[in-house]
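Paired with chain B in one complex and with chain C in the other, chain A is shared by the two complexes that follow.
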Partner chain A sequence: MRRLTPYLFVLPAVLFLAALLVYPVVLNVLMSFQDVSAGTLLGGAPWVGFENYRAAFADEVFGNVVWHSTMYAVVSVAVQLVAGLGLALFYAQSFPGARALRSLYMIVYAIPVVVSAELFRWLLDGRSGFVNWVLGLRDVYWLADTSLAFPAVIGIQVWLGIPFVIVSLTAGLVAIPREFGEAALIDGASAWQRFRWVTWPLLRPTVLATAVLSTIFTLKSFDLVWIATQGGPAGASEILPTLAYRLVFTSFLFGKGAAIMNLIFFVLLLLSLLYLRTDRSPR
Partner chain B sequence: MRVVLVAAVFAIAACGNGASSSDGTTLTWWDYFGYSPASDHAVNDLIKRYQDSHAGVTIKRTPIGFADFHAKIVQAAASGTFPDIAVIDTPDVPLLASQNAIGDLSARFTSWPDKDKYLAPVRDGMKYQDKFYGVPLRSNTTALLYNADHFAQAGITAPPKTWAELRSTAKALTTADHSGLCFAAAANEQLTFNFLPLVWQAGGDVATIGDQASLDALAFVKALVNEDKSVPKSVLQWGHSDVEKEFGAGHCAMMINGPWTIPSVAKAGFAWAAAPLPAGAKGPASPLGGEAWVIGAKSKNADKAWDVLAWLADPKNSAKEIGGGLGSIPNREDTLKDPAWKWNTAVDAFAEQMPAARARSVYGPKYPQLSEAIWTMAQQVMTGEREPQQAADAAKAKIQPLLGNGK
Partner chain C sequence: MRRFLGVAFVVVYLFPVYWMVSASVKRPADLASVQLVPHSPSFDTWTSRILSDPRVLRYVLNSVIVASGTMVLTLALGIPAAYALARLPLRGKPVLMLMMLSSLMFPAIMLATPLFVVFSRLGLTDSYLGLILADTTLALPYSIVLLRPAFAAVPREFGEAALIDGCSAFGVFWRIVVPLVLPGIATVAVLAFLWGWGDLVFALTLASEDSMRPVTTGLWGFFGATTSDWAGAMAFSTVAMLPPLVVFLVSQRLVISGVAAGGTKG
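Right after this comes the complex of A and B.
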């Protein structure tokens, strides 16, 4: 009995995870091998093997959508990291108002994505949008032009993602003892040399972890694209999560949608494992 | 803490059950009319009216957000918690019927004297495979709403009646301040709702997309958006409600939209009017929209639920709520010209089109996929991404296999 006690303490957490995490994942995997309709959503659907995956991969938009999702994650995370690192280094200096300004970035983080996305829809409007007004442009339809919509959405995603990068990199910077930089300064190291040989090696694990986490957030991000463009115009900004949502909730193609969700899940799982590895900071 | 919460939840659930079994029948009712206070009140009034005259029947209404409704109703169908009565978007009738979520009402419907009073397209919109699955609740179609002040400034005296007139009028109305014409063209069903009528007006249909009529319709929107620029490209990211706002703000001289926009347009502070949609080469056509009452396939109170629907469908019990309250256009022979249904002067322009309006539910349960093929095609042309011929060929390749085993 006594040996069981610790497990009893863990039991609520295990049940919680099983109900909210394991069950939906397993259900989704099963669903991707079945021809599910609304009537058979909770069981009894016929098995169809890999037919859903075949149908999903054979879809004429699939290649494009995978490319979009990849670019969406790679480009926006890369830009976020560079900009976020620059800003984190800038605000890590002590000057009057540094902390206050840094906290302002957190406001972005606190605004629901729905609100930001809706806001950008109008900021980027071709006729009356603020962005065109500032840039002195007219009739540039950022979100309604097939060649601009996707870069525009990536831009919004970068804006949304930068605060997270600043916060986590700042935490990394603060953890680096000041003495290291001061010692290098006394040795006559330039600002670039101090960054390159002192800060960067110590910050690298944090950057890597931030990169992996940001990639995960971006790959599964759905709300921004859904609200800003709904994957349009003409599929120009469609990404895997919006495609899957559309399949499931507009077309009721549950199996095919599940197949795509599993693809996302699989990639996210690999990234999560990578994150767990980077998180074990090498000492 | 968690234990307390769980206990509280069970207690509340228990109360809920207790109340329903005390006396009489409790019917559950879901709808998505909570989107505005006026529509919300109208539905509550309808329900109250029924309850007041039918002792022993309680209707428990759950308003659900429009965005969640689809997902919610599907989950309910799967988990056996589908309400006794649900109000659904009419094009979803075949889909939910084919998935056995809603009950076949044919026996009741065919022996119901009121059924013959409905306009044919409205009645046919309730059908799936020759069986009736719903009772028409609210009906609507689209019309051309125009800013009369803009018309006067441009020296235009009458609304356009043909495609050619629509094009020239829109062009004449386009200035630095406002566009000539706006309609919802975002990547969703609303674009199909606006574009499909153009295909019909040109003499085409979903099954024959790829033919000359569909090319004509595509060439027409292409001319408006890309050549004349009288329709702003922004419409590619606008839904009906965005178009309504832009029209209200004076950024669009004309808009194609539904009667649900009338209350807000009336408050916009400029002179306006509505006209039927301009006709194409093969005459006029307009899209039929609206909601149907359906009964859950597994409802244990189907008889009682039918009584509710039949009673509420009678205009003498509900004209005020369904007309003015929910903004419905009259959908029966006996109400089409009835002044009681003319809740705004603009209603006439919509009502005039109702007898020839066309329902989307005739396209069967695969309509959502057909619709996606259509709006994608229209967007490809409006963005300039593809020529009409290429876009139509691609849409045809998607549509033909869906028609094969769809019905």
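Right after this comes the complex of A and C.
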């Protein structure tokens, strides 16, 4: 009995995750190989092999959507890393109130993404939007414009992602012993030299880990695009998660949607393995 | 100078949030003309769009129930599991930890269809329990990954001494170790609450009935793609933002350490 006790501690959590996490994933994989319709959703759908994948990949919008998802992740992660690194370095200096000010960025983290997305729908509105007022534009409907909607959504994603980058990089900066920078200062190194030759080499593993994690979070994010544009106008900002959602819940193409979701899952799995291999081991 | 810049950056970054809250106390007609400070503050939007509409209160109540339920269930399942994974002799630990870590990367959207299928069969759609279960699937692995190191940091001698004094294995866990890990537990509690409050995907797919909607889909239902009632939308957004913001500000330091340990919301 005493040897079994440890297992009783993990059993509830393991059973829960097996039923509600592992089983759904398996179900998703199975559904991607079946021709599931609303009538056969609860079982008994015919097997169709790789037909769903073939149909999903052959879809004329598929190439565009993969391109959007890639750009969405690459551009917004790159911009938020540069901005976040700048801010993290800035607030890592010692001046009165630096820590308190830095923690204010985290307010955005507590706000539901749905609320932020709704807020930016108004900021980017053509008639009473603040962005147009700042830029001196009139009647530019950012999120309803086929060429502006996608860059606008990337911009919002950068805004949403910055707090995580600041917090994550600050944790890495704090771990660098102060003496290193001070020694370089005594040796007459300029601010740029200290960053380039002291801070950067030591911070690089953290930056890499942060980049991979941010990429994962961006690739799987659904809320922002769904609320801001619903993938529109005319598919201009459609990404893989919104396409999968649309296929399943508005077109009822369960198998095809499952195929797209498995594609997302596969990419995220590869990125997760990359993350686990990056230097910063999970503490 | 640095201090001035530090404040200026924050002001620019958080300006959208201020703009949202201030819009809710402007007269709707004033929204088109940019007023940095409301010229004639008015609570008309609040009284006509929020306070007089019983559905808003209903949505908030639903969100409170779902977020609190997610928090409680996550803690109930996550605390003992994290403790066992950190401290007890257990086969298959690496596999379990890998499973927890990889489920951090799960898109909620991927669980949406299968959970919809399973919950339809079990009659759990349009129920609090269904939403709580769904939100917990993603909060639980996260809580275990975060809590395990906290448990591992408690010196082994504490538990061993109590065992010698005749304490049971559960007694050691509950009376000796858990009280020492309360800060970590509080972090996880707050994050699970924020997660449950902010969820959109499960609310969209598992709660289609209006009376079961939380604030996220409630907001979308009121002020969807075609709205031009920005005053109402900003007032409702403020309502949806306030509870998690208060929870967050009260527990701020805890949450920041949790996020730094490697996670954000999906």
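Note that the second predicted complex is superposed on the first by the 264 of 283 C-alpha atoms of A that agree within 3 Å, B and C clash if a C-alpha of one lies under 4 Å from a C-alpha of the other, contacts with A are read in each partner's own complex, and residues count from 1 in each chain.
In the analysis below, a residue touches a chain if its C-beta (ideal position, glycine included) is under 8 Å from a C-beta of that chain, and two chains touch if they have at least 3 such contacts.
Not measured: the values here are computed from a predicted model.
Overlay on chain A: chain B and chain C clash in the combined arrangement. Contacts of A:L4 after superposition: neither chain B nor chain C is touched. When chain B and chain C are set side by side, the one touching more residues of chain A is C. In the superposed pair of complexes, A:Y141 makes contact with chain B only, with no contact to chain C.
Touch criterion met: A:V108 reaches chain C, while chain B stays clear of it. Of the two partner chains, chain B is the only one that A:P233 touches; chain C does not reach it.
In the superposed pair of complexes, A:L41 makes contact with chain B and with chain C alike. Contacts of A:P96 after superposition on the shared chain: chain C is touched, whereas chain B is not. Legend: residue contacts after superposition of the two complexes on their common chain; A:A58 is shown touching neither chain B nor chain C. In the superposed pair of complexes, A:I186 makes contact with neither chain B nor chain C.
Applying the stated contact rule after C-alpha superposition, one finds that A:I264 touches chain C and leaves chain B untouched. Overlay on chain A, chain B versus chain C, candidates 7-15, 43-51, 61-69 or 205-213: the clashing stretch is 61-69. Shared contact residues of chain A, touching chain B in one structure and chain C in the other: 12, 41-42, 121, 125, 127-128, 230, 249. On the chain C side of its complex with chain A, the touching residues are 2-3, 5-7, 9-10, 13-14, 16-17, 19-20, 23, 31-32, 34, 76-78, 80-81, 83-85, 88-90, 96, 99, 101-115, 117-118, 120-121, 133-134, 136-137, 140-141, 144-145, 149, 169-170, 173, 194, 197-198, 200-201, 204-205, 215-216, 219-220, 223, 225, 228, 230, 233-234, 237, 240-241, 244-245, 247-249, 252-253, 255-256, 259-266.
Residues 2-3, 5-7, 9-10, 12-14, 16-17, 20-25, 27-28, 31, 41-42, 87, 90-91, 93, 95-98, 101, 103-116, 118-123, 125, 127-128, 130, 133, 159, 162-164, 167-168, 170-171, 209, 213, 216-217, 219-223, 226-227, 230, 241, 244-245, 248-249, 254, 257-258, 261-262, 264-265, 268-269, 271-272, 275-276, 280, 282-283 of chain A are the ones that touch chain C when the two sit in their complex. Chain A contributes residues 12, 37-42, 60, 121, 125-128, 139, 141, 143-146, 228-236, 246, 249-253 to its touches with chain B in the complex.
Against chain A, in their complex, chain B makes its touches with residues 2, 70-71, 74-75, 77-79, 95-96, 98-101, 179, 186-189, 229, 232-237, 251, 368-369, 372, 376, 379-380, 382-386, 394.
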